[in-house]
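Look at the two complexes coming up: chain A is in both, with chain B in one and chain C in the other.
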Partner chain A sequence: MRRRVAVARRPAIIAVLLLFALFGLPALLSLYYIDALTQVAVYSMVAAALGVLAGRVGLISLGQVAVLAVGAWVAARLLFATTQPYPVILVEAGLITMVAGMLIGLPALRLRGLYLALITLMLAGAITVILASLNFPNGGHGFSGYNGALVNIPPIRRPSIASGDPAYYRYSVIIAAIMFLLVLAHIRTRPGRAWAAIRQSEPAALAAGINTTLYKLWALALASFITGVAGGVLAGAVHYLYSIDFPTQNSIILLAVVLMGGVYSLWGAVVAAVLYQFLPALLQNWGVSADWLTILFGIGVLQVLTTAPAGLADQVPKDLAKLGRLLLRLTRRPQPAEPAAAVPTETSGVSGGGGAA
Partner chain B sequence: MIEVSGLTVRYGGVTSLDDMSLTFQVGTCGLIGPNGAGKTTFFNVLSGFVRPAAGTVRAFGDDLLAMAHFRRARWGVRRTFQTEQAISELSVFDNVAMVHEHSRLGGSSRRKDVLDAISFVGLDADPDVQVRTLGAGQRRLVEVARAVVGRPKLVLLDEPAAGLPDEETSHLGDVIRRIPEHTQALTILVDHDMSLVSACCETTAVLDFGKLIASGPTAAVLRNDDVIRAYLGVA
Partner chain C sequence: MPAWSDFEPFIVSGLALGGVYALSGVGLVVLYRATGVLYLAFGAVGAMGALIAWSLTQAGTPGWVSWLVCVAFAAAVTLAYGTVFGPALAGRDPLVKAVATIGLTLVLYGAMDLLWTTSGGEARSLTLPTDNSGFSVGQILVNWTQVIALAAGVVITVATGAFLRYTKLGTAMRAMANDRVITATLGVPVRRVEAAAWLGCGVLAGIAGLLLADLVALDATTLTFLVISSLAAVLIARLRSIALAFAAAIAIGLIHDLLTPITSLTNYRDMTPFVLAAIALLVLSRRRVMTQSREEA
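Then we have the complex of A and B:
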């Protein structure tokens, strides 16, 4: 019964949080942090896409940042070449990236685990090299749209309704919310069930009549589409794109933060994006080198793998609930006499959980 | 009726199934034999996970080996696994519904069919509860429910009672005995529990080192000297 009430409340909580993200945060924060939050919105989509692959289907991809770069490239090219509305460009970038991402993911139909991770990493490296030699469009002509100009480069346009930074941030959040709904629509229905079966055991999935090749391709297509759309949002956010913004190793860090955030939930994708984009912005503002994060993420992944496989998105609410119960018990207890025996075990549980958080 | 003829499977130098020829009649048939005899290999051939070196399998007039593995489930081959494979992240209902939605049956009868299958196996659990919260015996029943939902033609049970306490084994035996009548499917039971096999199966076949060494009415097969020798060694 309590669970049902919690489930019924969930959409309301999400709506409130979304409204706060759309209207509360831009009012409270400086432009510096609003830009960082736009990046959080972009990378939460990428993290959600990687969550579909790694968490739902069990395909570990180390090439997601390269897929993002492809999406950004395609969107930038189309934005310079056409006057189509921004949402149309986003869908087109998503679809073209979907094709590219499925090609990169083809080894996934045969491989899993370490070998798949290695191959996607190599392919990501190859894409980075190609994009570096092709260059990102800067308003030039021809296939690449790059003219070698170093000055007077026109910025990549934004939608007319969202040209300012706070407005574009809101725009990004709305696009991210739509992509999250797209993921949700998949994992709650037939493909989600098929993916859960494939992740646990391919023989069991086959024995249930699931065309595992089709559903893996489907997951790759969905993840690439979302990452392509994210690339399109990124293009407008930064105005100028360079291949140096998409180093291959960032895919590895992305996987680390996605594991930390929680690979099974969409909240985890948001947590991952905050770790990946907001934390560095915060440290930079405080004058601390963001390189320390590499160490922090290393420890974080270790902690997740050993104690909290569902990530921070799962662990923190549990720890908070435990802490709440403990505080409640401490305040309600009239005299610290007999039931003291029960308390130490509870305390140790919380301190263990607190360490996990 | 399933006609297996000349079925041979080789892994490298090992012959797991050696020229197996056998006809399974509708009903529940036992398939027994010592470890490594080739029972699971036979199931894997029927499921399409293993490609035989030679031989044919005709099931109700269709050439089973010509179908892609996932299409066999849609055709009506269902199975449970030696290590139980109910999908732990999904609810009981979704576990069973998943098989139904990938069969050729329409969605209109899905809810009823799924709940029917869950009640047929006598699973005493909320269909909305996640499978990972269930005990071993209940998870086995979820697997059996997946095998009987809709219109299966061939139900393969690979050691369904392994590791279960006696009480749950006896309940499972009751369920297995009722499968052919409930679904009209031909059921093949692999198990090491001879009392379960004798209780469920009218006929039984015995494999030893990939060779079929006996087949016929269960009681006679279990008294067969070759079978006793295969299980217990030469006296």
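Then we have the complex of A and C:
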């Protein structure tokens, strides 16, 4: 009963949070933090895409930052080459990245588990080398659009309705929200069920008549599309793109952070993006080295993999609920029925988070 | 197309690089076969060992002591990780085990960046005494570090092969690679054999870290993620054969360095390991059999 009420209330809570993110946060924070939050919006999309692959289908990608770089490259090239409206460019960047991701991914999907993860890492390494040599477009001519002279480099444009930083932040939050809805629409319908079956056991899914290749490719296409769109948003956010901003190891760190945030829920993607982009900005402002964060991420991965497969997004509310029950029990001492009531929720939580990350 | 003489020096450096990749590859394959863990922190422990050795040398410690400390550090960290997290994750998917070592990588990487700050400082370098002396083959100068790197690759591959073939511990490791549960039932002390594999892998990580710090660069980021290149050789060997890993490592090292003088390809030479590994994986996985067993691909 309580659960049903919570489900009914959830869209309202999300709407309030979204409105607060759109109008409350920009009013409260300085430009420095608003820029960091734009990055959070971008990386929450990347994390959601990685969550689809890792959490829903069970395909671990160690090359998502390289896909983001491809999306950013395509978007930047189109933004310099054409005068199309920004949303059109975003869709185009997403679609081109999707095609690229599928072309690379189709042969890779023959592999499973560890081998698939490692081949994505190898492909990410290759893409990084190509981009380092090709350079990001900066208003030059030709296919690469790179002007080696490095004088009078025009910034990558933003949409006319969102040229300022707070406006662009709102713009990116809305794009991220649309992408989250896209993911949700997939999870709730046929592909989501097929993905769940594949994650549990690919041979069983095959035996049940699920076209595993189609649905795996579908997941890859969706993830590449979302990451491509995120790349387009990133291009406008930073104005200037450089290949050194997308090193291969960032894909590894991103996977670690996404696993920490939690791959089984979309909240996990937001948590991961905050960990990955907002905390470093916060620490930098406080004068604390971001290296502490890297260490924390490392410990977080080990902790998540050994004890909490569903990540922080799942674990923290559960721990808070446990803490709440504990406090309740301490304040109302003579209540022997309380611990017994706590047991069923705990066991259901364990079985819910039992899937392999 | 450059003249042949332009390529000659790169044969030597390529073989040296390939030798270190081979050394790393053997360590990774043996650990993977014995414990099921693909040790992605291989580069990070070696890098931290090398940085510690550098600090010790700066403080005036004799060279050989600092090198021993480097190897001992890498071995100790690896063994400690294996002892703590190995059993905890033993029943999980190989992928989970591999990703967990990324956790260790990040901890070490953060600590290295914190303790040996990279920004603003001048480039560190760890030079082995063997750098300055050498001999020449025809026109090519060969220094002893390069010889040691290749020799280490060859010796370690042969020695590990013999160890796995002829010793009791090696036989136990091969048995565990086939089936852990049956091996345990037969009375093999699984934990102890695993610990030996972790220790051996750590020692190799330390040696590889020292050699790479000298041959490539003493830089935390470079060394930590150079393991990705060594992984390519291991992948070509499908995480199985140390002989194949050795051959692949030498090929990767040679092709990488031989592309250097070719102007049109020199920017793309760092792709060598990735491209070779991707092609090898895709070709080798043409005939895929789907099974329910734990043995993957």
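Criterion: the second predicted complex is superposed on the first by the 329 of 357 C-alpha atoms of A that agree within 3 Å, B and C clash if a C-alpha of one lies under 4 Å from a C-alpha of the other, contacts with A are read in each partner's own complex, and residues count from 1 in each chain.
The rule is simple: contacts are C-beta pairs under 8 Å (C-beta built on N, C-alpha and C of every residue); 3 or more make two chains touch, one makes a residue touch a chain.
All values reported here derive from a predicted model rather than from experimental measurement.
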Chain B versus chain C as contact partner of A:L206, first or second or both or neither: both
Chain B versus chain C as contact partner of A:G105, first or second or both or neither: neither
Which of chain B and chain C A:G55 touches, first, second, both or neither: neither
First (chain B), second (chain C), both or neither touched by A:L255: second
Which partner, chain B or chain C, touches more chain A residues: C
Which superposed partner A:P166 touches (first chain B, second chain C, both, neither): neither
Touched partner set for A:A194, first chain B, second chain C, both or neither: first
Which of chain B and chain C A:G94 touches, first, second, both or neither: neither
Set intersection of chain A contacts, chain C complex versus chain B complex: 201, 203, 206
Footprint of chain C on chain A - complex, ascending: 60, 107-108, 110-115, 117-119, 121-123, 125-126, 129-130, 132-133, 201-203, 206, 247-249, 252-253, 255-256, 259, 289, 291-302, 305-306, 356-357
Contacting residues of chain C [partner chain A, same complex]: 38, 40, 85, 88-89, 92-96, 98-100, 102-111, 113-114, 221, 224-225, 228, 231-232, 235, 267-268, 270-271, 273-275, 277-278, 281-282, 285-286, 288, 290-292, 296-297
Chain A residues touching chain B - in the complex, by the definition given at the top: 190, 193-194, 196-197, 199-201, 203-204, 206-212
Chain B - residues contacting chain A, complex: 47-49, 69-71, 73-74, 77-79, 81, 85, 87-90, 94, 97-99, 101-103, 146
